[in-house]
Amino acid sequence: MQRIGVFVCWCGSNIAATVDVEKVAQTLAQEPGVVYSTHYQYMCSQAGQEMIQNAIREHRLTGVVICSCSPRMHEATFRKTVEKAGLNPYLLEIANIREHCSWIHKDKLTATEKAVILGRAAIAKVQLNAPLTAGQSPVTKRALVIGGGIAGIQTALDIAEAGFPVDIVEKKPTIGGKMAQIDKTFPTLDCAACILTPKMVDASQNENIDIISYAQVEKVQGFVGSFSVTIRKKARYVDETKCTGCGLCTEKCPQKKVPNEFNLGLDNRRAIYIPFAQAVPKVAAIDPNYCTMLKSGKCGVCAKVCTAGAIDYKQQDQLITREYGAIVVATGFEPIRLDKFDEFAYSQSPDVVTSLEFERLMNAAGPTGGTLLRPSDGSHPHTLVFVQCVGSRCDGGEKGKSYCSKICCMYTAKHAMLIREKYPDTEVYVFYIDVRTPGKNFDEFYRRAVEEYGVHYIKGMVGKVTPQDGKLKVQASDLLGGRQLRIDADMVILAAAIEPDKTARPLATMLTASMDTNDFFTEAHPKLRPVESPTAGIFLSGACQGPKDIPETVAQASAAAAKVIGLLVKDSLTCSPCTAKPDELMCNGCSSCEKVCPYGAITYIDKPFRGPNRTTLIRRVAQVNPAVCQGCGACTVACPSGAMDLQGFSNQQIMAEVDAICR
Amino acid sequence: MQDRVMEKAAALLESGVCTRVLGWKTGEFFYDVTPAVFTSAEEVRTQMVYNPFCGPNLSKYLIAESRKEGKIAVFLKPCDTFSFVQLQKEHRIARDKVYAVGVQCDGMIDMDSLKALGLRGVTAAREVGDNLIVSTLYGEKTVPRREALSLRCRVCKSKRLNDCDEIIGEQGGDLPSDRFAQVEALEAMTPEERFAFWRSELSKCIRCNACRNVCPACSCEKCVFDNPGSGVRNKAAADSFEENLFHIIRAFHVAGRCTDCGECSRVCPQGIPLHLLNRKLIKDMNQLYGPYQAGADFDSKPPMLAFTPEDPEASIITNGRDGQ
Amino acid sequence: MPVNETFKPTIVAFCCNWCSYAGADLSGTNRLQYPANVKIIRIPCSCRLNPMFILRAFQRGADGVILCGCHPGDCHYTTGNYYARRRMTLLFSLLDYMGIERGRTRVEWVSAAEGAKFAATMNDFTETIIKLGPNRRLEDLRCKTE
Amino acid sequence: MSDWTQRIQDISGVNPRKCMKCGKCTAACPAYDRMEYHPHQFVDMVQSGRVEELMASRGIYTCLSCFACVERCPRNVEPAHIIEAVRLAVIRQQGGNHMKPDQIPGLLEEDLPQQAITSALRKYSKGG
């Protein structure tokens, strides 16, 4: 006979204000099997938990029902509580009378009635609960970092530092990401390359880090602790082990008209190229879309000049499959395309540029060698107009991104300041909606741009930019001054909104990690678990989770690394015992369950069974690997004979709940 | 055909290709043909029949028979071979223990069709060309064979013999069939009419389990309705709900596995058109998830064990396909 | 009809643990009201919902049954809701074919962030069931205690 | 919220509270110089309940309904629709003619497109 204890929580007034907790406790005491029923202000408090533990011992309870907040909140807490009192933690059920009852109903009578029914359902279920023991699954002590920007590099370095091997998969031929393209960083104005490239070198020299560049993740299988990931390493037509990075091939290649993506198409590179001087790995790659040899079989100049004999026109994509215990997503961001914002004449004039393009125009390694020149005629610009929030803070949908891109206010202040410092003969206008500078030394930085460098900050958006007679006619409104402005500018710089990298969405599907409507990865909890995905074993680093500046990205990268290290130091993980379990006597061996299992947890064996008249029958029966099974239950419905059942959510348990609710 | 089938069966036993033959023999009445296992050529020559009343689908018996010692030869009509393949797909039949002989089929006759033609006191029937000569207590009558076909054979979907080791007669192909006409007629009714139709049909159910026992897809080691742990165990339907429940669950369990052999309706002593439930699901699956024929091949994935991200939402049913 | 004034339908909502149950929690956290007729049963994934559970609910006197799961493509278990979608589509179609009112069953995808959608869905579904009235076509009279 | 705010919102179907006061509407407005209130101010005045002031203003008839502000507004606030609603509110309130043909010569200005006058006359002189 079951001996069930019922504990009704007031949750202060959260439950007690709308649910008559005393009546619930009294009514549920009458349910069959219930030997003890009580109520208390805060069941999750230490006193409340002790109350439960004492009751378990005193009344020799065989099952516990707690009527309280959502099981998503405190199921784990209460499982520990009952376990400490010697009860199997799975002999506990929670009736959610807060989120699903007291908080949504106003009428006390109705809410009390519903709370009783929810309690009854939990009692009906707990009658059928079986003690379950959690299994263990091993942890592969290796991490995968997807994306080799500053976020990925920092995470990898921190994990490697703790002694665990880590692979970085980068889709470009070099790591470095967006930060490598940036000229100076706010609010200190130190050069981005000076602080990034040492980290890139550290990563390449760290024994624990394996950089798989020019590669992408193709397939992800498994689960936390034992992921199996297939990585496609694209053919770069250069043997990485032989290439010395001397760069001779990139000087001799006759195909000179390839837009240089590192400089955002502002200049050209060759068909064989090293993205930039400090690239890691410093190995050339051939662009198959432009290489004459690969396209028509005629040329071969690079192979002739390469003294190391590294050129291999026959190189093929390579598939690498490796096992990992944890995966970190660090896929970063891209500025949005600006074709929808043609009022700013981005596609009409080369002198209208994005801020990232402007970084290259200011950079000593950029297309102009660091001298600010107008892309159209190479002249020195005198009047520069910055437009903020291009495509950010819109109404969503067609208009643009609904979020604030966060970094634009600061980098625009930085750009304005740098121009004024280098070229005091310029007039710089910044059109803003709001200036947002929360961050250490950020507002001071912005104020310096205004006060010391004389940048004209004007509240109001630019309405239209018209290229005319070599100038850019900027029409804007000074909302605070109450006047319409028409500025003849030499250059217009647009602070384009940033969005997640395009590869993030398909990756999220492979990882079964959830995303928001903007394709940013969702964190497990916005406040308390900001660097973990809700999918176990998947961690988030950098701008793939939301717009971030460099200091924040690095902080989050290290936080993600700490979480990964915390996982990898474990030898095994406790798995949920709520897994599928077949009844061999009823199993047809028909493979229906195997076909719907997303984890490949089901296999079949031929097993002898005693037949009639002392004969032995060999039958094919299903076996579930409890370490692999995640407990979704797809198999239980696919099984026609009902041989497959799910522990913790068995057919009988769910039907008992249905019965209790519908009675 | 009768002679060729019998000779083949006898030869297979005599040559030792098999130790047993699964075929048909006449039961209490001449039209009451039942499945039987023969172990000698003599048994075959004296008892085995192959005539227009050999409706029973033998494939299901292979689940048990193929587990026994020695090889068994089986005679399968085209529609039976679909079940044969489907059961193999579900790993229920040990193929290496079976010697499958496909038999050309021109459609089976049943007594209901003869009665519908106005024939009473039928004592025997034999085929002569395209005609059927029926002996009755009131003398001999000749009827065109196709008019005496059982209802299911009139909408035969395929004369193809799948996965046979040998074929007697000619291999056939898929046929154009309007087997969904009855389903469509029901769909065209109002919900009230449909409810009334199924109530009047299913209320006849006596839960004899004949449909379940004959169905090649209903071959579970233990049926959920016999399993106390399933929560739906019941031996006899106690009220209209349980009459519905049994048939809904049964239809659902065989969805994607039912080859539409029509045995359920054939054996129902109450004459409930049970195949109309299965056919509805087949029709829906074809329409919603692309054409699929259970047992037609070994490789295709059954629709209930597959999906595409573009599948229609359930709201196309709950909101009404025609926007009702 | 007086039935509509006094009729208090019993509605069972099966919610997957990862999206819809959390969505229901969120609608509670945001104090979004929906009728107390709706009682939620937590299942790990929408694919855990056996058609037998729905029939069982109707047998025991439920007037409406709704399944809520993660949006297609967002299933915590990758593919569970795709199977659930096929199963429910066919089950509902079969019930419709047998003359059971279409509105008594429903599938709705509700994410953990869609607390408002959860409440709105439950309000709308309850309204639909009240309009349909008590479940008469698919019920077990022996199971009715009142 | 004042009645007027609600009424303008009902007529226009626009929610002025969506405005983030970026001023892009005003920056894009070709009739800026002829208005005493400008598009972003229309929105603000409706939101703060100063609709009567706006109704009394001549500026609302200077709006060409060119929809540049609607096109450019990042938040779909649609100032032109608000202005149209204010003009309609004026008509509904007064019932009669708001513009007579003999007023036209006085309104003519060199830079003002004649279409604006014509369409205004059509719209505001339905009483005949």
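The chains carry the letters A, B, C and D, assigned in the order they are written, with residues numbered from 1 in each.
Here is the rule we use: a contact is a pair of C-beta atoms (placed from the backbone, for glycine too) under 8 Å apart; a residue touches a chain by one contact, two chains touch by 3 or more.
Fair warning: this is a prediction, and the values are worked out from it, not measured in the lab.
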Chain whose mean Cα position lies farthest from subunit C: D
Inter-centroid spacing, subunit D versus subunit C (mean Cα positions, whole Å): 49
Geometric centre distance via CA averages, subunit C-subunit A, whole Å: 32
Intercentroid distance (Cα basis), subunit C paired with subunit B, Å: 36
Chain centre separation (subunit A, subunit B; CA means) in Å: 53
Junction residues of subunit B - those touching two or more other chains: 224, 230-231, 304-305
Two or more partner chains touched - positions in subunit C: 51-52, 56, 73, 79, 83, 87
Junction residues of subunit D - those touching two or more other chains: none
Pairs of chains satisfying the touch condition: A-B, A-C, A-D, B-C
Contact footprint of subunit B on subunit C as seen in their complex: 51-52, 55-56, 58-59, 72-73, 79, 82-83, 85-103, 105-107, 137-142
For the subunit B and subunit A complex, residues of the former touching the latter: 67, 90-92, 219-224, 227, 229-231, 253-254, 257, 301-302, 304-306
Interfacial residue positions of subunit D with respect to subunit A in the complex: 18, 20-29, 32-33, 38, 40, 68, 72-76
Parts of subunit B lying in touch with subunit C, wherever the complex brings them together: 183, 186-187, 191-199, 224, 230-232, 238-239, 241-242, 244-245, 248-249, 251-252, 255, 277, 280-281, 284-285, 288-289, 303-305, 307-309, 311-320
Subunit A - residues contacting subunit B, complex: 583, 585-592, 595-596, 604, 617-620, 638, 640-643, 645, 651-652, 655
